[in-house]
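Notes follow the structure.
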Amino acid sequence: MIEDLTVSHGAIKAIDAISFSVAKGTLAAVIGSNGAGKTTLMRTLSGLKDASSGRATWMDHNLLHGKPEHHVRNGVSHVSEGKSVIAQLTVEENLDLGALWRRDRNEAKSTKDEVFQLFPRLEERRTQLADTLSGGERQMLAIGRAYMSRPQLLLLDEPSLGLAPLVVEQIFQSIRTIVDTMGVTVVLVEQNAMGALKVADYGVVLNLGVVAARGKASDLIADPAVRAAYLGY
Amino acid sequence: MLKKHPLLTFIFFGFILFLISNRLDELRVYQGATVAVYAIGIASLILLIGYSGQISLGHGALLAIGGYAAALSRIHYEAPIWLTFVIAVLAAAIGGALLGLAAARLSGPYLAGTTLALAIGLPSIANQFSIFGGEQGLYFDIGLPPASLGEDFTQYKWYFWISWSVALIVLYWLRNVMNSRYGRSWRAVRSNDVAAELAGIHVGRNKVLAFTISAGLAGIAGALLAMTVSLVSPGVYPLVLSFSLATGAVLSGVTTLGGVMIGSVTLVAIPEIALAIANRYGSETITTNLPGLLVSALLILTVLFVPNGPVEQLHAKRAKKGHSSHSLIEVTVRVGSKTLSTKKK
Amino acid sequence: MNKLLEVFLIGISAASIYSLMAISMVLVWRSTRVVNFAQAGMALLSAYIGYELVSRTGNFWIALPLAMILGAAFSAFIEFFLMRTLLKHSSQGAIAAIAPIIATLGLLGVIRATIGFIWGHYDRQIEAPLSKVGFKIGENTIAMSPMSLFVLLFVIGLVIIVTIVFQKTNIGLALRASAYAPEIAQLAGIRVSGIRTLGWAIAGASGAAAGILQTVNGTGAISPESLEFSLLLVFGFIAAVIGGLESLPGAVLGAIILGMVLAVVQIYISGTLVFIVAFLLLLTVLILRPQGFLGTKAGRRA
Amino acid sequence: MTASAVLAVAALTVTTVPAQAFNPRSNEPGITATTIKLGITSPLTGIAAPGYNKIPGAMKAYFDYVNANGGVNGRKITLVSKDDQYIPTTAVAKANELILRDKVFALVGTLGTASTKALTSSTQLSRRGIPSLFVNTGWSGFADKKAYPTTFAILPSYQMEAKIIAKFVKDKYAGKKIALIYQDDDFGRDALAGFKTAGLAFDLAIPYASGAQALPATGAGWITRLKAAAPDVTVMFGVSSATTALLGAAAQGGWVGKTQFILGSVGGDATTIANTSRALVPLLTGAKGLSFAPAPTDSSDEYIKLFQTIYAAAQPSQTFDNNVVAGMSNAFLAVQAIKAAGPKLTRKGLINAIETKGATLANPFLTPLGYSTTSHVGATGYWFGTYNSAGALTPDGGKYTVYTTDSGTGPVVESTYKRPAMPAKGL
């Protein structure tokens, strides 16, 4: 639930009074071209950046107050742009990192098994340095790491960046699985608008910091204006 | 006035100083000369830190090169004073260029530590070759003031005039350089290596050039410092001097040359203030320990609360009232380590 | 042959002192990306505290761990009050690159002046708890005494413990993650600022040990501007950089290289050259291999 | 720029006192009918502080004693002491404060060669005619009256010391294997020149960079080289921290009693060594050392006895050592010189008094003073002694045998000098 959210870089408003809301247990895609304010939105929601005004809440939790680690502990995980893994740690260490703050070790272990189920490739490479992974594997690891904290809301920033189309497809499918089978709500930020809208339930189109369009993903795909401006045909 | 007629401003300022030098007692004249020397040293460091993003904790070593070059040219070739200063600038600039070549590859703490190690190693070099006169040093005597200035014209007033003339010329020149193409590209390099590179600025060459010019200025400051104490020796350029200059630069504000006087006056004034306090409470412990405590505490407070210096702070306040002048390039936290990590790849 | 052994032992015992300082610098660097130029000052303060503790308890073996705990507390205090404020206020512009350096230099000055206020500008002594007379092998006394052997074992033990903590424990994982990628660590739910303070605390403990052990292994005397400690800072830094500034084994390796090179120079060439050689060594490493010997790109070793 | 410039000008102006150019023809500064103001700048903090920072306190103690007994020719002496941290630039700044603000009559006992050179030249002591009494440095240059007409040396020069050590070694250890450890800077090189003049060659000479003695393994390195060469005699010409490093490493390397140590005067102060490491003092036992003042432990000496009493009352918490003796002797000689200059005290008169009567003034030193109208050389010799287990240097053969020489090529001779008797109550 986001209302009138405004975020500035110095004098420049990166996001100007945007509002939209996402239903629980659905996948929402936020699309828009470079500089539309997508990443700023994500960083604000996860606590990495301060908002100038407005409100952003998830259930009862105020997303504009507190540091990222605070949000994580309240069920909001963020996978930042550009394969957010730590290259110097092993695959398993990266995953463990996501659950370090959790008290219940057994539950953390079972979560790890879930991740390995979702991404079997990670289990094969559990002792390797994250540095040695391919781009797609890194993205899986990043999502897996975020999932390790058992989030209710998962914020994904451009998971498709720099990946081959086939791999993108696979990642999007996994995200869908996370939403469908595990009941996690996902906000997916994407430049790859078509791919994102195809798997999403709901879509928001950002343009230069303001909401240009929003609605059911299938409706947006059908909307000629959106098609022309963002989907490229 | 400064904006419209910079040259006139400097000349006017020089005239004021001239009048002042006739009014001050001799101790103040001596201290005034020291202020000018510090001002040049600090300006040289600000150029390096504020305009090219490099730090030197061993700036004293560059001052030393200038001082020794001046003294040696005076002793062995009886060079006239002005020439000794020119030689000081050239010698230090050459030293600075060499150091800059190494420094361009380093950043942040690496450079700081390396320059620090240089400052520590310097005395061994002075001791290694007898031409440098060892620990006892060499005299640097610029001679008596010209007789035409009158009998009452003291040596320190002569030093005062020389130091301030040089300081004003240097600051005027620096001001012009800063407003030139070079100045702009340095600032770009400082803000963001990568962005500057993308904008077609040769980062490495710029850094070396900045180091060279900074060293040249340090050289003349070193020669002037040697003049005021009439000696060059490792002890004239101790580590404390390097730290003092860094302190002065931070107190002045590293991003603008406008504040150099604040730093240099503070450096000279602090021992005086400490002495006044100690006299009041009559304790030797205070006299010996207070100056160090004051300088260091001031340094920390400045970095914490006025990180860009008082002058910049003032500008920022003014700018907030009017339109914003913030740069568009967002520099992420801790520039030093960031550039470091890009270097490593 | 015998002389060669001596050179080796001299190099090793010097290296153990350098590495204590280098380890603290590496720990601080890893946790906050700051080279703490006040490290030697903090070590000196710890040595003074050690001196007070030894004279009060009369037992070095109680004083050493106590001083390490106090050193850790002081270091954490500095991180909490100084470095955090610093990051908040001077994280942008030209000052950002040098603010930590300047602040730690300021801290060094404050520490020295404070020591001067409290203890005066006189030498204070800590008696060595172990014999400093070298072991005997047959007729020969070698350049390794129970005291310097203890320092060496202490360093080895410290490196092993810290490495285990870093590699095998959750805290260690958090420490490493925070060092390599603070933002990702934060997003993974780690309280990075707390972890940074912890990193400083460990560095403070190791620095305190460095201060005290350097003192008892050396002359036993400390004074506010002790030359030993200024040199310790610079040589510890050189050792840390040779090793790569990222890696603990690197710091030890750097210290060993530095110690050995200087021992060889001093005994086979000329004692006059030690400072110049140390500087040239630093410069050579920085130019040929800026990431240091063990500071590989992945830099995984703790 | 403008704002801060104005600030700077304001800062300078605010603190301005009415203009008064220095005028050499005015009345003698620093002196009234009842007072004399003297000034000293020396390291109270910094690397050189431990040890040397006792000198001003020792001087003050003696001046206070004199003041309590009526002063000198009816004038009481105040001493203004400044801290120069052993940094020449700071020394110049402090000397300027002493001369221009405190308006001292004369400087006394400034310490350190570079600092003293800088302040003497920069503040133009000779042009202003300001006496600089008894500078605490072993550089022979200050004895040169032509170059330093108002400065008086007091310590024997390093060349003198080296020549006397050379004579001692050649006489006593002829044909033995001799090693030398020296600080590789002008201090040590002055000594090398002296050894060369006196024709003493070393079988092993180990230089060290100034400051390197503070590195962890330096002493051990010396011992390794010494062990290999196995010299009968080892001369140490360095600072006291180097002596400490040497003794410490000798003990650690099991190399005690294998050589005859001879310690130069700078590095041979047992109290300074004790302050650094009490445990090393016993190791001094049997080592040879040299001094020109009576040993600080020699209570049978009338001067030492007096100084001990005065110092114990003034600074009860401090140890009485060579630095204290140096400071008090400086003060004592200054008082004698001022007394000799008579009641109509002027700077010129004081300098004149030292030049004409300096060699005959009462003073604690056991060697003749070289002051004359042509030379400003102070003490000119040394006596040799052996350290006992308490670290006290006691004269060989139970009496002070003094050798004298000069800083040039002159011979080293055994002196027949008899110290003038101490004036009543040491005033």
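In order of appearance the chains are A, B, C and D, and numbering begins at 1 in each one.
Methods note: a contact is a pair of C-beta atoms (placed from the backbone, for glycine too) under 8 Å apart; a residue touches a chain by one contact, two chains touch by 3 or more.
Which protein is which chain? UniProt says A, B, C, D = Unannotated protein.
All values derive from a computational prediction rather than experimental measurement.
Graph distance from chain A (Unannotated protein) to chain C (Unannotated protein), where chains that touch are one step apart, equals 1. Relative to chain D (Unannotated protein), the most remote chain by averaged C-alpha coordinates is A. Chain pair with the larger contact count among B-C and C-D is B-C, by C-beta pairs in contact. Once the centre of each chain is set as its mean CA position, chain A (Unannotated protein) and chain B (Unannotated protein) turn out to be 50 Å apart.
Note on chain placement: the centre of chain B (Unannotated protein) and the centre of chain C (Unannotated protein) lie 31 Å apart, centres being C-alpha means.
Taking the mean of the C-alpha atoms as each chain's centre, chain B (Unannotated protein) and chain D (Unannotated protein) sit 36 Å apart.
In chain D (Unannotated protein), the residues that touch at least two other chains are 44-45, 184, 209, 211. Residue positions of chain C (Unannotated protein) touching 2 or more other chains, listed in rising order: 116, 121, 231, 272-275.
Those residues of chain A (Unannotated protein) in touch with two or more other chains do not exist in this structure.
Residues of chain D (Unannotated protein) touching chain B (Unannotated protein) in their complex: 1-5, 7-9, 11-13, 15-23, 44-45, 83, 85-89, 92-93, 96-97, 100-101, 112-115, 117-119, 121-122, 124, 127, 139, 184-187, 189, 209-211.
Those residues of chain A (Unannotated protein) that touch chain C (Unannotated protein) in the complex are listed here as 46, 48, 67-69, 72-73, 77-80, 84-89, 93, 96-98, 100-101, 129, 131, 145-146, 148-149.
Across the complex, chain B (Unannotated protein) is touched by residues 29, 33-35, 37, 82, 85-87, 89-103, 105-110, 112-114, 116-117, 120-121, 230-231, 234, 237-238, 241, 245, 272-276, 278-279, 282-283, 286-287, 290-291, 295, 297 of chain C (Unannotated protein).
Within the complex formed with chain C (Unannotated protein), the residues of chain D (Unannotated protein) that make contact are 44-47, 49-50, 53, 184, 206-209, 211-212, 214-218, 220-225, 227-228, 241, 244-245, 248, 251-255, 275-279. Interface residues of chain B (Unannotated protein), counted against chain C (Unannotated protein) in their complex, comprise 49-51, 53, 55, 57, 102, 105-110, 112-114, 116-118, 120-121, 123-125, 127-128, 190-191, 239, 243, 246-247, 250, 254-255, 285, 288-290, 292-293, 295-297, 299-300, 303-305, 307-308, 331, 333-337, 339-340, 343-345.
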